[in-house]
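What follows is a pair of complexes built around subunit A, which joins subunit B in one and subunit C in the other.
Coming up: the complex of A and B.
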């Protein structure tokens, strides 16, 4: 009965029949009532994990505990889970009300029609689809279908709600609106929720915490801001952040980081931020665009290829080492296409990675 | 706009010509001939005489009765068995492809050939069916040579031979149902019965409507299977005669095309009415 580990996954592995190892030794836990985002690029194993949690797939090895009890050998229907599929999978031949009632009127513990309808109506009100009761899903917009799917997932009053990219079928504006609604809905119901997305911004805005996956491995399991401020590795630094982080190849010598056209003295770095002492050699220096900005005492002289306005900020794009890099500045600073600028890095905010992605600074 | 329209007619012309020539003209011609008497080369107008003749002909009524009974029994029973088998294969069987091929075999084999095989299976004395029936101490009727059994035999054969096409089409429809529908139902603890009646059947309605139409029209046109089962006759003493048998007989054997065409028009109207009825019915079911 450890509420901090309401859902606990230990050393989970999944090898598909074709030999593909989709999940490689994954362990994490979810606090009761939390909304946790499983974030990662397409194909990293997010759906696989949800299906294993739901009991639709058997893990190859590992342990899954809900509220302290192993559920590995428990049937999906007895796991007290609500699952919102990526394509919603609403029953097209049923009305909205019939769809939402469906979980209540089938199986062993089926309720009487009036009783089921009462519960269904409660959740339809909560998801604001009461007026749509008699419509068929085919007549509904993506956002409305989404709500029906959520209402249907909630009527059995499950303990855990799984949502697989619930917003990916919606247009951008609706996505913003619905993600806030989803957050306030699951918080008001108090249900522990795992929310899968490949959109980092969505994860940052909605999640109490985020678990970032790549290639079946957890890259970072943390509060949203830490993905930004303290990324675990090169992948995390590059996956999270908009505009994306700038990467520069550097060579470490005894007292310098030597990049193409710029040099950083090791003495200027913050000694305490080094994770370990590192040998001389090749490294990657990564800087968030807002931490590399024009200044009179800049160390890197570049020509601005392009300027993009985003709201109250400007992105300066420039080419370095044959790849594009960015600097994020305030709208007030007048810089134009073709200008020469000197860029200065905030050295207490840069990251240093080994060539295989380990963070060392 | 104008030139477009001209072009459209040009493209449609072959179809229009074919449909007129091979569908509309024969219908009109049959309708006309039903009011004429004499042989094909010497037709004269005779008013409603052909209709009077068939309505007073007990053999015509037997043919219509047999045809209706055949349609009303073999189509729903055949379809129900098809749905059951298709569902079992879909739900339970691993190597579906092999099964499907097996089921499709009768469809691509000629009815005549299968009918002849069934003649042997149904044979009262040495047929396999009666051998089995006797083995389990059930009555072993004379399927082929007892006039009272003719229609039953035809219906059994009709049901059996409708399975192939129905099952293949139904399997296709079953495969088209989103597997997530069942996955979700499983998660909610739905039983097999729940899933079949609340998901599978409603999803199959359009396919069943299609098969019903095809089967009913096919049933009203039954001829070949009777011909094959009873070695070219319509059962002992014409006991198994059907509408098309009657028409063919009046046209070819008796040589009264007018009478045959009057019967054709009646059959046509019955099919039209049946199709209309079942469309209305399926629409009602589809709405629920």
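Coming up: the complex of A and C.
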């Protein structure tokens, strides 16, 4: 038994009947007790993966191991999983208590009603829904329904908890609160959790690690901060980060990166950050907005189109190469709409990508 | 303002006329069943009997085994309702929730069978029943009506409106298909099932052509056939014919009165027949 590979997915592929290849050769593993976020834009295949893990969909090929054992041909009910659906999927004709008890009173391992009720009440207490026991789901708020769904998923004491965008139907404030609750709950229960979301902030805040998908392929499987500091490719750099990263077209010559209206000497770049030696030609230079800031020795002179206040900081927006770019500055720096500023890049923090997205610096 | 009011008055008049045309035969049937023979045939016709002849009903029961007809009708209508409801429930569940090979083809074939009117196959059905030696039996009476593609489609549209994640959740919760059907699907679809059951019971109650074909013994007759036979047996005794007709229609009328909300809701919700 390898606790570092409690959940292991190998070369998973899923082609739908209509020929759409939703998952293309995906492999990853999850450590026991970890909360892992599957992150990605809509249609990237993350929910498909969750459904395959749950046994609700069959993979076209590939292997899935739970605790070292293959579950590919195992029925959903025998996989020892809990599943929280995006729309919660509570049974509307049952009370909260009956909903939570349901997994315990059906199937092979059914328990007596009093025994089931005792276990259900324990989990209802854990999720703080004890007072709602006799309510029907239709009378509950989104947050309360969410808790019922989680209690129902945990009541079978599954080994793995799968959550499919569980927060997307909640309002912004509640989402913050519930996501903290979910994290502390799954950590206190110690259950291995896979959490699907399209919200990078959510993933960064609750995930022990994040697996970022796009087009059915894993783009990066890493700790949260590395998505920000060391993105694998152009997609990751652009998907993660708020405000989004600035991209500039540059042409590499023997000793310079030549952009529109600015030049960077190759000698000023950090030699050790190059992934490989690169030929001259077209590249994309990407800079996080906080790493391109006004300075007297700036290399890029722009006119500020707009200033947006976001609490402690301000975003300067400017147009370069016909596309909008941003600079994140402290609230105290006095810059106004229409000002001319010189921007300086922190060259040890910029990224360089080939036109097809590979990161080379 | 005045114009609108005139329109309202006019439409009420029209509505009243049509309502009267619809309801009058029923009222006359009930009243006629309580008249004596002269009153039912007099010209100008009598509307309100001078004396309520309740004895007409006793005579009806004495002349023909209406008790037996009642029993037969209740039995066959109940059996067809229960069994066809059960079959439609399972069929609709399978078509909505299960994945199997040839589902699309089966769906198409059944939909095309729905286009075949019942009368078109009534004689082949008769031959089948006759060859099986089931004429004049209860089985022969109910057998062709134990499944209904229409009811199945009706339930299918009903079940289709239940989110598929409910079924998935039940699967993960460890429920078998059987658990899902009885603990989740049926309680969640009560009104749809009720509508189907009621429609089935009413059509069973009103069935005429099929029982007329497969039964010729008095003991196997259903109410409607009994009534038509009685009408000729009773000859010119129109007051008895009307009393017998009242007996036949009354139970179903009572059902309508009790469940009219559900019937209307069921028909309005029905997006197949429209």
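Convention: the second predicted complex is superposed on the first by the 361 of 361 C-alpha atoms of A that agree within 3 Å, B and C clash if a C-alpha of one lies under 4 Å from a C-alpha of the other, contacts with A are read in each partner's own complex, and residues count from 1 in each chain.
Here, contacts are C-beta pairs under 8 Å (C-beta built on N, C-alpha and C of every residue); 3 or more make two chains touch, one makes a residue touch a chain.
Owing to the predicted nature of the structure, the values given are computational and were not obtained by experimental measurement.
Chemist: Assess the superposed three-chain arrangement around subunit A: do subunit B and subunit C clash, or do they fit?
Modeler: These partners clash in the superposed model.
Chemist: Return first, second, both or neither, reflecting whether A:77 touches subunit B, subunit C, both chains, or no partner chain.
Modeler: both
Chemist: Does the superposition put A:54 against subunit B (first), subunit C (second), both, or neither?
Modeler: both
Chemist: So in the superposed three-chain picture, is A:326 touching just subunit B, just subunit C, both, or none of them (first/second/both/neither)?
Modeler: Once the two structures are laid over each other on A, A:326 reaches no partner at all.
Chemist: Look at A:314 in the shared chain and tell me whether it touches subunit B only, subunit C only, both, or neither; answer first, second, both or neither.
Modeler: Neither partner.
Chemist: On the A-aligned overlay, A:288 touches which partner chain: subunit B = first, subunit C = second, or both, or neither?
Modeler: Touch partners of A:288: none, neither subunit B nor subunit C.
Chemist: Counting contacts the way the document defines them, which residues of subunit A are shared by the two interfaces, the one with subunit B and the one with subunit C?
Modeler: 54, 56, 76-77, 81, 83, 85, 87, 89, 91, 93, 102-103, 106-109, 156
Chemist: Name, in rising order, each residue of subunit A that touches subunit C in their complex.
Modeler: 54, 56, 75-77, 81-83, 85-87, 89, 91-93, 102-103, 106-109, 152, 156
Chemist: Sort out for me which residues of subunit B touch subunit A in the complex.
Modeler: 178, 180-181, 183-191, 194, 198-199, 202-203, 205
Chemist: Can you list the subunit A residues touching subunit B in their complex?
Modeler: 54-56, 76-78, 81, 83, 85, 87, 89, 91, 93-94, 102-103, 106-109, 156
Chemist: Under the definition above, what is the set of subunit C residues touching subunit A in their complex?
Modeler: Going through subunit C, the ones touching subunit A are 163, 165-166, 168-176, 179, 183-184, 187-188.
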